[in-house]
Amino acid sequence: MLAGRYGRQVADGLMSVSTATLTSQLRKRGLDGCIFTNLRLLGKVERMVGFARTVRYLPLREDLFPARSAGLNAQKRAIESLQPGEVLVISARGIQDAGTIGDILAMRAAQLGAAGVVTDGAVRDLTAIDSLDLPTFAAAHHPAPLGHRHVPWDTDVAVACAGVLVEPGDLLVGDADGVVLLPEPLVAELVSASLDQEDEERYIADQVRSGASIDGLYPLNAEWRARYEAARERDPS
Amino acid sequence: MLAGRYGRQVADGLMSVSTATLTSQLRKRGLDGCIFTNLRLLGKVERMVGFARTVRYLPLREDLFPARSAGLNAQKRAIESLQPGEVLVISARGIQDAGTIGDILAMRAAQLGAAGVVTDGAVRDLTAIDSLDLPTFAAAHHPAPLGHRHVPWDTDVAVACAGVLVEPGDLLVGDADGVVLLPEPLVAELVSASLDQEDEERYIADQVRSGASIDGLYPLNAEWRARYEAARERDPS
Amino acid sequence: MLAGRYGRQVADGLMSVSTATLTSQLRKRGLDGCIFTNLRLLGKVERMVGFARTVRYLPLREDLFPARSAGLNAQKRAIESLQPGEVLVISARGIQDAGTIGDILAMRAAQLGAAGVVTDGAVRDLTAIDSLDLPTFAAAHHPAPLGHRHVPWDTDVAVACAGVLVEPGDLLVGDADGVVLLPEPLVAELVSASLDQEDEERYIADQVRSGASIDGLYPLNAEWRARYEAARERDPS
Amino acid sequence: MLAGRYGRQVADGLMSVSTATLTSQLRKRGLDGCIFTNLRLLGKVERMVGFARTVRYLPLREDLFPARSAGLNAQKRAIESLQPGEVLVISARGIQDAGTIGDILAMRAAQLGAAGVVTDGAVRDLTAIDSLDLPTFAAAHHPAPLGHRHVPWDTDVAVACAGVLVEPGDLLVGDADGVVLLPEPLVAELVSASLDQEDEERYIADQVRSGASIDGLYPLNAEWRARYEAARERDPS
Amino acid sequence: MLAGRYGRQVADGLMSVSTATLTSQLRKRGLDGCIFTNLRLLGKVERMVGFARTVRYLPLREDLFPARSAGLNAQKRAIESLQPGEVLVISARGIQDAGTIGDILAMRAAQLGAAGVVTDGAVRDLTAIDSLDLPTFAAAHHPAPLGHRHVPWDTDVAVACAGVLVEPGDLLVGDADGVVLLPEPLVAELVSASLDQEDEERYIADQVRSGASIDGLYPLNAEWRARYEAARERDPS
Amino acid sequence: MLAGRYGRQVADGLMSVSTATLTSQLRKRGLDGCIFTNLRLLGKVERMVGFARTVRYLPLREDLFPARSAGLNAQKRAIESLQPGEVLVISARGIQDAGTIGDILAMRAAQLGAAGVVTDGAVRDLTAIDSLDLPTFAAAHHPAPLGHRHVPWDTDVAVACAGVLVEPGDLLVGDADGVVLLPEPLVAELVSASLDQEDEERYIADQVRSGASIDGLYPLNAEWRARYEAARERDPS
C-alpha cells in the first residue's frame, strides 16, 4: 500500500526511520506543528505507519449524550469503517480522567488491519490494550468509559490531537518516542532526507563508539564528511 | 426576538435572572455540562443573551496556515455573517498564549448587532475590547495574533468552548459570574424556575438583612414558606 | 471476609470484574464521583479489593510538624491498626513532590494483611514498594519524606483522594486501570451487573475475533442478543 | 476583642501592618507554611483580621450529596454559628470551576460580624460579593453552586486552604496582597517586629524619595541605622 | 534617548504602536519567540519602552540563601545600577507563590528613571506598586518575600522571562496587552511596518464604524487599498 | 575518585545509601531545596553518583537560534568536556514537549566516563537511551530536537533543574526514586548519618518481617534502641 503510493524506497524508509529523525527534518522545513506531544506507546508492535481516520469527542452534555452515544456511535462508526493501513485518531481534548478506546474496539480495529491508534485521552483496559499487536499511543490510562467526560461526536473531520491538527488522510508515523505527521507533498523528501541523516548518524555513532570526539564529527565538518563519503563508497550500507 | 420565540415573560426573565441562579436550575436537572468555566467579562455591557454562532480554531500547522488564514477566513466569515442577537463562540482549546478576536473584528460584530463574544482563548486589544458596548467573555488577554498558536478552521459546527459542547443555535446567557447554555427544550422551564427562585431569594435576603437566621429560612422550610407566600400575596413583587 | 458479607457469588465477582466494567455500571447509576483518577499500580499483586481506612495529610506547618509527626503519628497509627482486608487510603492533596508511604510501612501494612494502599501523593522506595505482594496505587514516586510538604494529621475521617470522597469502610476495587469505590448499598447490584456485562463482552470479543462487525453486536441488538442467549443456554460459561 | 486578647498595641498593629511585612517576619522564624497563595481580595473592606472558623468541602459523591447538602448543611452551620471577629475559611481543594459561598450567605456572615471569608475555591455572585463590607479572599469566581464539584462536609476541623493548614481559632490577617496565618504563641512578637520593620521601611522610603541609594540603606547598615535612630529620637513617629 | 538611537520617527512610533500590532509584524518575520505570555500591567503608566537589564532568580537553596541574599544582593545591585530608560527584567521561573519586587525597590527603580519592570513572578505590595508612575508587568501578586521560593542569583546575563529569552540590552515594549521584544537589527523595520499597519487599521476601523463589511476591507483588497491610498493622499493622517 | 576526596567509607556510602534516606537527612538539616522533583530513571545502571556539569537552555528565539545552535554548541561543548565521574545537568525549564539529549550525545557522555545525565526536560531516542550503561534522569521523552522549544545557551553556570539550584561541581546522587544534591561541606556528615539510619532501618525491617509492631520500633524508642544496639554489638553488620 505504502509502496504503491510512494515507491518502494520511501515505503521502506517509512518503516525504518525514527520519529526523532523525522522531527529534525520537519523542523528544518519549519513544520513544528506536525509533532505530537505527551504520548506513550502501548502494545506489542513498536512501529506505526498509516493514514489518519479521525473521530472527535466533545465535552459531556447530559442532554445530548444519550442520542449521540447509543448504538453505532461516532467512535464505533469510525472503527467499523477502518481500512487496512489506517490509524484511528481520537481527539479527546487532552482529557486524562476518562477512557477513550477499550479492548473490544481496539481488537476490532486490529482485526480490520488498522495500523494503530492515537489519542490525547486515556485508554481503558490497559493490560489488554498493551498485549495487542496494535501500536496504541495514548496520554494516559483510566478505567472510566468515555461518557464520564465526553460525547463521541463526529468522524472524518479535521481534529486537534496531542497538539497537532490532523486531517483525515494525513500520514502518521510513530515509535517509542512518539508520533509525527508527514504532510503529503513532503513525504518522499522527508523520508529521503531522514534516510540520509540516519546513515550519517550511524557512521557518527560508530566513530563515537571508537572514541572520536563529537567536535567536527557531529554534525560532520568538511573533513569528517569526506571520510564518511569515502567510507560509504567503499562499503555502501 | 427573544419575546417572539419564548414569549414576553421568558424573554424578560432571560434578561434578568443571574447565571448563578440558572446554574442552580441546570444542576437540579442534571445538566452540569452546560456551565462554562474560567471566563472573565469584558466590555461595558454586563449582560449577554443570544444564540451561538461558532468558529473553531485548530492548532497551528505551518503548511496549512497560509491558505486557511488568508482573506475572509473562517473567523471573519463567522463574524461577517452574524445576525442580530447572535453570540460568536470561538473555540480556542483553552490556549491562553495567543489572541483570538481583536478590536476591529469585535467592533464589526457589535455593529452587526451581535449579542456578545465567548472564547476560551485570549482577546487582543484589551483596552479597546473592554470599552465596547459588547459583552466579551474570555479566558485571558494576549497581544499575539491567532496565528501564533492557531489556524482558524471552520464555522457553524459543534465545538468545545470553556468545557462546554456548543452547537450552533444554542442559547447562551452571561453575566459577571460567567456563561451558561440553556438547552432549547428547557428554556421556558429554566427561566420560570429561576424567576421563582430569585423571588424567594430576594425575600430571604430581606429577612437576612433584618437579622434572621438562615436556619429554616434558606432554603425556606414550611413555616417560612408560609410567611413568604403570605407576603407575596399581600404585595406581589 | 468478603463472602461472609456479600455472599460467595458477589465476593468472587469482586475478585474478578475489571474496574473498567465497574465504572460502566457506576456511570449507569449516575455515580461518576466514585472513580479515582491518575493512579498507577505498583507491586506484584494486580488486584485489590478491600475496605478503606483513611489517613489525612495537611500542608506542612513548621510550627505544628514536630508534635504531629513524632512517634506513632497519624500515618503510623493508621497502619498499625490495619485489619486484614483493609485498604490504607492516604489523602495527600495530589501533591507529587513529596513521598507518603515508604518500604517499611508498606511492609508492615502487608504483614497485617492489608488489601492495598491508595494515595494521590507519591511513594518512596519505589523499587521496594514495587516488589511487595501488596497492590499500591500512587500518583507518582519521590524520594522526599512526607514532611517535605505534609503533616500527617488524622485518621479514620472522610477524605478526598484522587478526586474521590472516601469514608472509612468504603469498599474499594483496583486493577491496572485504576481504582473505583462501590457504595455499600449497591455492591451486590454493581457486581452482579458487572458479571453479566463481562459475560456479554466475552461473547462479543469472541465474535469480533471471528471477524464479526461491531454494528449490532456491541452493544448487542435484539438479533445478537438472541444468539448470545442461545449460546449461553447451550454452554453456560 | 483583639485588644482584650493581645493588648492595645498589638491589636492596633494587627490592623495596620501589611501581610508583606508579616511574611518577612514569618520567614525569619522559618514559618513558610503560614502564607496563603493565589488569593484575590473582593469587597469594599481592604483589611481583614480575625480567627478562623473552618468548613471543609469534599469531592462530589452523588450518593452522599443529597443528605449532606440539605437544610442546614455544614457550610450553613458554619456561617450561622459565626461569632463577631471570626473568619470563615472554606477548604475547596483549590477547585476553581464551582462556586463556594454566594451573596446571601456572605451577607449573613457580614451581618453576624464576621471579619472575612477565605476560600481556595471560587465565589458566586461576584458583583454582590464585591460590593459587601466584608473582605472576601477567593481564588476565582464561578456561577455554579458548590454541588457542581463538592459536598459540604464538616466544620470546625483542621483544613488545608490555599496551601496552608488552618486550625479553628488560628489568627488570620489579610490585605490586597493576600492572607497570612499568625501562630498564637508568636502573635505579639510577629506584630511587634513588623511594626518596627515598617517604621524602618517608612524611613527608608523617605530617603529613597529624597534620592538616596539603597546601598547600605535597605537594609540599614550601621551608619544609616544610627541616622534612623537619631531621627526617630528627634521625632518619634 | 530613543530618538538618538533610532531617529525621531521610529522613537515616536515606539511610543505609539500597540504590542498587538508589533506581534503581527514579529510573526510575519517568523519571530514568535519574542512575545511574552501571561503578564498583567500594573501602575499608572500604560506604556513601556526601554532596554532590558536582567536579574535571575534561582530556586531556594537554604545553604546558599544567606550569603546570596544579604546586603546589596543581585536584585538590589540590578536596581541600583539602573539607567534611565532601562527595564528591569526579573526571571522568576514563572513561580507565582512568592513575591519578587516590592514597593521600596520599585520606587527606587522609578526614581532612577527606569522605564518599567517585567517579571514572570509575582509582585509584593500590590496596592503601592499599582499606584506608581512605573509600568510593571507581572504574572501575579503575592505577599511573600522572594526568599520564600528564590535566591536572587546574578545580573546582566541572558534569562528566560515569561517564555522569552531576554539578553541585556534587548528593546522591550509593553502596553495593556502585554510585552514584546524587538530584536535590535529589526527595530526600525518593525516600527515602520507597524505604523503603516496601524494607519491602515485606523482607516479600516473608520469604514467598519460606517457600516462596511470586512470582506475585502480587512485585510484591504486591491479596490479598498486604492480607496485607502486615495484617502491618505487627500488627507495624510 | 570519590574515595580520594571523601575517604573510603564515605565513598562506599555514596554508592549504597538510597536517595530516600538522604532526603531524610537533608530535611533534618533544613535542606529541602536539595531534592529534585518529577524525574524518571532510564538506562541499565540504577545508581548515579557524580559532580555536576551544567548546560542551560533558554526559550527559542528564532533570531538567535542559528548562531547559538550551530557546530559545537553549548550542549555539545558541555558533553565533549565531561570528565569521568561528572553528571551532565541540562536545565530545560521543565519543558516536556521538546527533546534535550539524544542517543549519540548520551553515548559520547557514557564513553567519556560520565556518571549520569539529569534533565527536567525530555530525552529523545528513548529506546536507545534506556539501553545505555548510563543512568539518565529525565522528566519525559519526546521526539523533537531541542530547537523545537529551546536554544542551547551556556555551560558551567548555576542553573535551575527540576526545582533545584545546581552549581557546577555540586555532588549529585540518584536512584530509582530520583535525585538529590549533597552540599559539599555536609557530604561526609550526610552519608555517615544515612549509613547509620539505613542500618537501623534494616534492623527495623527485620523486626517488622518477624511480626513486630512499629509502635516504639519505628522510630526506635529507648527499649528497642537498646535491643538494636545489643544486636549490633553481637553481630556488627
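All chains are identified by letter, namely A, B, C, D, E and F, in their written order; residue positions are counted from 1 within each chain.
The criterion applied here is as follows: contacts are C-beta pairs under 8 Å (C-beta built on N, C-alpha and C of every residue); 3 or more make two chains touch, one makes a residue touch a chain.
This structure is a prediction, so every number in the text was calculated from the model and none was measured.
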| item | value |
| --- | --- |
| Shared interface numbering between chain F and chain A [over half = same, under half = different] | different |
| Interface copy of A-C among C-D, A-F or A-B, judged by whether over half of the contact pairs recur | A-F |
| Averaged-CA centre spacing for the pair chain F and chain E, given as whole angstrom | 38 |
| Chain A-chain D separation of Cα centroids, rounded to whole Å | 50 |
| Computed distance of Cα centres, chain F from chain D, in Å | 39 |
| Inter-centroid spacing, chain E versus chain D (mean Cα positions, whole Å) | 32 |
| Touching two or more other chains - residue numbers and ranges from chain F | 30, 32, 163 |
| Category of the chain touch graph - line, ring, star, complete, other | other |
| Contact pairs between chains, per stated definition | A-B, A-C, A-F, B-D, B-E, C-D, C-F, D-E, E-F |
| Touching residues on chain F, where the partner in the complex is chain E | 30-34, 58-64, 93, 151, 153-154, 157-160, 163-165, 167, 183, 185-186 |
| Contact footprint of chain E on chain D as seen in their complex | 18-20, 22-24, 27, 32, 35, 37-38, 46, 163, 175-180, 201, 204-205, 208-209, 211, 213-216, 218-219 |
| Interface residues, chain C side, partner chain F - complex | 71-72, 76, 79-80, 96-97, 99, 102-105, 107-108, 111, 124-127, 140-145, 147-148 |
